[in-house]
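You will see two complexes here that share chain A, one where it goes with chain B and one where it goes with chain C.
After this line comes the complex of A and B, so read on.
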């Protein structure tokens, strides 16, 4: 039982990170019908910004955190204007390729500045964790889980109970109709990119003290987060959260009870099973084409 | 005598070409050229800089002492881009220069494997730092290794853990790539020969974000010591932290990455009191100390195996050429293989017929973040 509880906590913790990045995937997909393959790099860039402000410049942690997220908002604007906006009238393929290009650019830019060596970022708390009976609770994972839960409630309130959230939803559902109703579609898409960049950045900053700050950290997380969005149901906010948590728990238990080297394989095995038997994901609706 | 238009043309052509021919001829004979493939760009660019520095320091000292065959040595560096195609290209560029008499290859076994067919075709000596035992056991007579191979690291880890630390119940942890698999296999074989077959043999995939299942497996196995082969420092850092957080405090003897500066920075106190095998340890011999002093004075950076192996490689190659008394590749090969009791920064070189110069490792200990030399274990077989 001790082993089970320890694995469950760790699985939920790492799954919450996938969920945060998956949320960014989903929001951009809903607004633009495009998968942003640079979503993982948003996490990596934010983590490096924290290293710059908190470690290199020695600024207070909370201030560095706020500035890093502000930097991510700016990156969201630049990304929208530089990558999505010029190609918005093209099919989805050039936009997807542009996001892949942007991810390579971000990786290599950071590599050129910081080099390949991983960096250390301290966590929010001085205490690394607490022992609760037989289970060790890593304080950073506790924080990640708490932030994910808070974001679930925030997203629900924002999208269901605020005018801005409803405008964003309207834009994601039908851009032409939203435009006819007086909603500035381009502004809504811009806001979506900003919010997604902040979400990706938040995931990066939260997970950096656990996984260290490295060029590869974003792509490693993003791959699992992408699988999570498909399992949860592409385009569904709740699906992204559940999918992320499911991937985290499945791979942790799979590694412990079946095989450690094939840990990554379990997540993708579940993905393949979903693609075969329930391609719309847990919360997705079945889409049929008329003959 | 009539001076014709044709004579004028021939005279002009000779006047233009002559300085180049003379300069080229002088250059060909004036220096002994050594080619070096090094990661000037790419992920290993930082360590590549250390490697080039080590080689240059050695060559500077040789030149001050009279050079090679009475001529000045000259190092020609080509960027291998830290990739396999990159090193093949770099080596082919160097190989095209017929006046280069010897080469330095890579510290990465995979890159040496990539360039090995071209090395056979060229038929000139290439000094290498890759530690895959197969490199000097696959019929390529032109590869000469200036680091101990992984079969020795496994034996040293096993010997130190069993005989010095007195531990019998081993958990062997290794990455599932070529390096980790070969290392884990060598360690398991060495432990089995010593009568302490591992109670846990655990592989893991590189770039794992979480090692909780691995730590719990070690805890459940009842192991009283860990032997490890980690490829990437961030994996080592995550594992080290989680190991201590989950209350596993048994001794740990690791492959050279456990003493790496980056690993020490990432894992911090989680690696205190761990042991590692290291081909270069500054306090292990007078020659190691001398290299450390020279390197620190020149670079203001602590020396490590990235620079020590290239330093030794240049010295060994130069001694081989001098001993051969010629730049004939076959004679240099025979001369290198006959080198015995040569004191290098990495240890004492006694080349065997496979081209392996070193046959043992140093064991070092992490003393609150400082790497201190413990003992050297050498094998004669």
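After this line comes the complex of A and C, so read on.
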């Protein structure tokens, strides 16, 4: 039972990271109908920025953190202008392929600059964690969970109770109508990319102390986040969060009770099972029938 | 299908074209010369390896040509399928001491089965699912290759892989691979002009239209995907024999991306493009070896390449060449029709072609169509009208199977089609056009209409040979007055003409009932008159038409019978003039006083 609780805590902690990246996926998908296959690379690049400023240059942790997030905002702008925007009138296949190209470019540029050696990043707190009854609560995992909860509330408030959030929603639902109502669609899409890049970057910076900072971390996280969005119901915000947590818990238990080397395989297995038996996910995909 | 009554099946005109193999003699001559060169020239080991890699990779990229180029589906796990073939030959010959040929075939079959299963799980869903699932599959396969040490030797890889007795020397084995490349290349080159290939292109261009033209979209995608996987497996088997050693790092996600880049660079729509792309991406890195000294740089450039190609050269290198060729071909003379188009709608003998009872379609709480009855009499023009939002188009979509009916029953010529998917309804004799034109945009007018003519159960094309298909398609195009422009691409036609091509596509299939969804929408007054004439000529041949339109002049002149919907319910039904004077109809259109 003690082990069970411990694993549950770890699973939720790692699942929260997947949830954050999945949230970025969903926001871009809803705004542009495009699945961004470079979403995970946002996390990876942010983690490396953290290493550069906090470890290599020795700047304060909080400053490095802010710089990393600012860097992600910039990357979101460049990504939109360089990858999505020129292809916005094309069908989804070219856009998907372009984002895959972008993920390969980002992965290997970082590899070329920084080399293949995984890097270590310190956690935010000096205290490693606290013992609560039988369960040891790692401080970094607690931080991840707290940030995820805060962001879920922020998202809700932002999209439901601010004018900007409403405009973003309008854009994602009907671009033509939104532009006729005087909303600048291209700046709304730009904003979505910036916000998603920051979300991805945040996930990367938070998870970096738990994992190693490596080139592969981006694609691994992204694949699981994508599995999370499908399990939750494609395009659904709550589904992305629940799906992310589910994937985190499943793979933690799978690794503990079944097989460690195949840890990364469990998420995909669950994904394929879902696709066969419940492709619309837990909450159902938000697609209207069209003819 | 019903008994053919007096309209007996017309035997297809027997026109013997020259045998295919003879027409393609130049191709086989070139291939034979290449094989002879590969066997005869003395290469040093390095050149031999580069050639071996280029040859086997090309075959794997041919697979992408089928799935991506022809069918428009993505596969990011081609390296995994390639690995299946490679490990089958590797483990089979080195560990189990089995016959090479057996292993080669087994590898391709395993890849085929894996591809088919993977496709079945995902191909009903949107393309983004397929992309992600193939990546996931690729990752799982890599994990198994590395971790299942008992089977795959883990990261150490499989050494001492055998070759067939006949091709022991590297030189002769290369010649064998080149021969395989030529054969597979020939098949893939020819695929677009076969029934399956046309179906794949139709699915790529417009899934909905493919479905209502009698193509089983889901199955076509699975065939494409499985074929791609099988070619990957075959290529992998050849690769393993060539290099005598395989290890997991040769079959990773990165390698799948390399395959994809090769396909995109050369032009994914053609095997020639695939071969060019593969050749370039194997040779260029060999020339720029210094790039490999920095890990990652080389793949980073690949990534950049992918973005740039998609942006600036979406059809690849070979695409450039082909576009020029298509322009030239459009000017070539279209084949002259041998006879005017004959429409011989099948009949079960009853007076009613379409009998709809209690049809309902609810979207959540919205009752878009609510208990509608329609009876369409044989041989007439029946109009379905109603104000905006009255449920006309929804009714049509339920009739053609794009929406599932919530309740009710649809009988087409005595056959219950209520629960059939769109392509089976088409096979049963339903033809339709769309309000927002859905043509296969990358094809010529003739090819579009050929796909219509190829409807399963079409009695007008005999056994369905190429000559009969083309003949039927030309007749149909001629019927709508566009026969002379048959070889032009869809994009060069005006809106009104595109609409006519869509009608020709439906007519070529010789349907029992033709559904026209707002055919007059967006046409100018001259075009509307032409459309009216066309409808008369169609009806004169005894084909029943169910038409939806807003143009009251057209409807009142063309239709003998009118059904009126409002708020999803039928409010009037009967002979045209009587219905149009019906007080409920007048108030639905003009409002109450």
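We take it that the second predicted complex is superposed on the first by the 277 of 291 C-alpha atoms of A that agree within 3 Å, B and C clash if a C-alpha of one lies under 4 Å from a C-alpha of the other, contacts with A are read in each partner's own complex, and residues count from 1 in each chain.
By definition in this document, contacts are C-beta pairs under 8 Å (C-beta built on N, C-alpha and C of every residue); 3 or more make two chains touch, one makes a residue touch a chain.
As the structure is a computational prediction, the values presented were derived from the model and not from experiment.
**Student:** Would you check which partner chain A:112 touches, where first means chain B only, second means chain C only, and both and neither mean what they say?
**Tutor:** So A:112 only meets chain C here.
**Student:** Given the touch rule stated above, what does A:252 touch, chain B (first), chain C (second), both, or neither?
**Tutor:** It touches chain B, and chain C stays clear.
**Student:** First (chain B), second (chain C), both or neither: which does A:60 touch?
**Tutor:** A:60 sits against neither chain B nor chain C.
**Student:** Who touches more of chain A, chain B or chain C?
**Tutor:** When the residues of chain A touched by each partner are counted, C comes out ahead.
**Student:** Applying the touch criterion given at the start, work out whether A:93 contacts chain B, chain C, both or neither, answering first, second, both or neither.
**Tutor:** In the superposed model, A:93 contacts chain C only, not chain B.
**Student:** Does the superposition put A:134 against chain B (first), chain C (second), both, or neither?
**Tutor:** Touch partners of A:134: none, neither chain B nor chain C.
**Student:** Using the superposition on chain A described above, determine whether A:101 touches chain B (first), chain C (second), both, or neither.
**Tutor:** Touch partner of A:101: chain C, not chain B.
**Student:** Name the contact category of A:261: first (chain B only), second (chain C only), both, or neither.
**Tutor:** After superposing on A, A:261 lies in contact with both chain B and chain C.
**Student:** Could you give the residue numbers on chain A that contact chain B in one complex and chain C in the other?
**Tutor:** 111, 115-116, 261-262, 264
**Student:** Please output the residues of chain A touching chain C within their complex, sorted ascending.
**Tutor:** Residues 29, 35, 37, 82-83, 86-87, 90, 92-94, 96-98, 100-112, 115-116, 215, 219, 223, 226-227, 230, 234, 261-262, 264-265, 267-269, 271-272, 275-276, 279, 287, 289, 291.
**Student:** Would you mind writing out the residues of chain C in touch with chain A in their complex?
**Tutor:** Listed in rising order, the residues of chain C that touch chain A are 72, 74, 76, 121-122, 124-129, 131-133, 135-137, 139-140, 143, 146-147, 208, 253-254, 257, 260, 264, 294-300, 302-307, 310-311, 314, 363, 393, 397, 402-403.
**Student:** Okay, in this complex, where on chain B does chain A touch?
**Tutor:** The touching residues are 43-46, 176, 202-205, 207-210, 212-214, 216-217, 220, 233-234, 237-238, 241, 245-247, 262, 265-266, 268.
**Student:** Please name which positions on chain A make contact with chain B in the complex.
**Tutor:** 3, 6-7, 10, 14, 111, 115-118, 120, 128-129, 136, 138, 210-212, 214, 216, 220-221, 252, 255-256, 260-264
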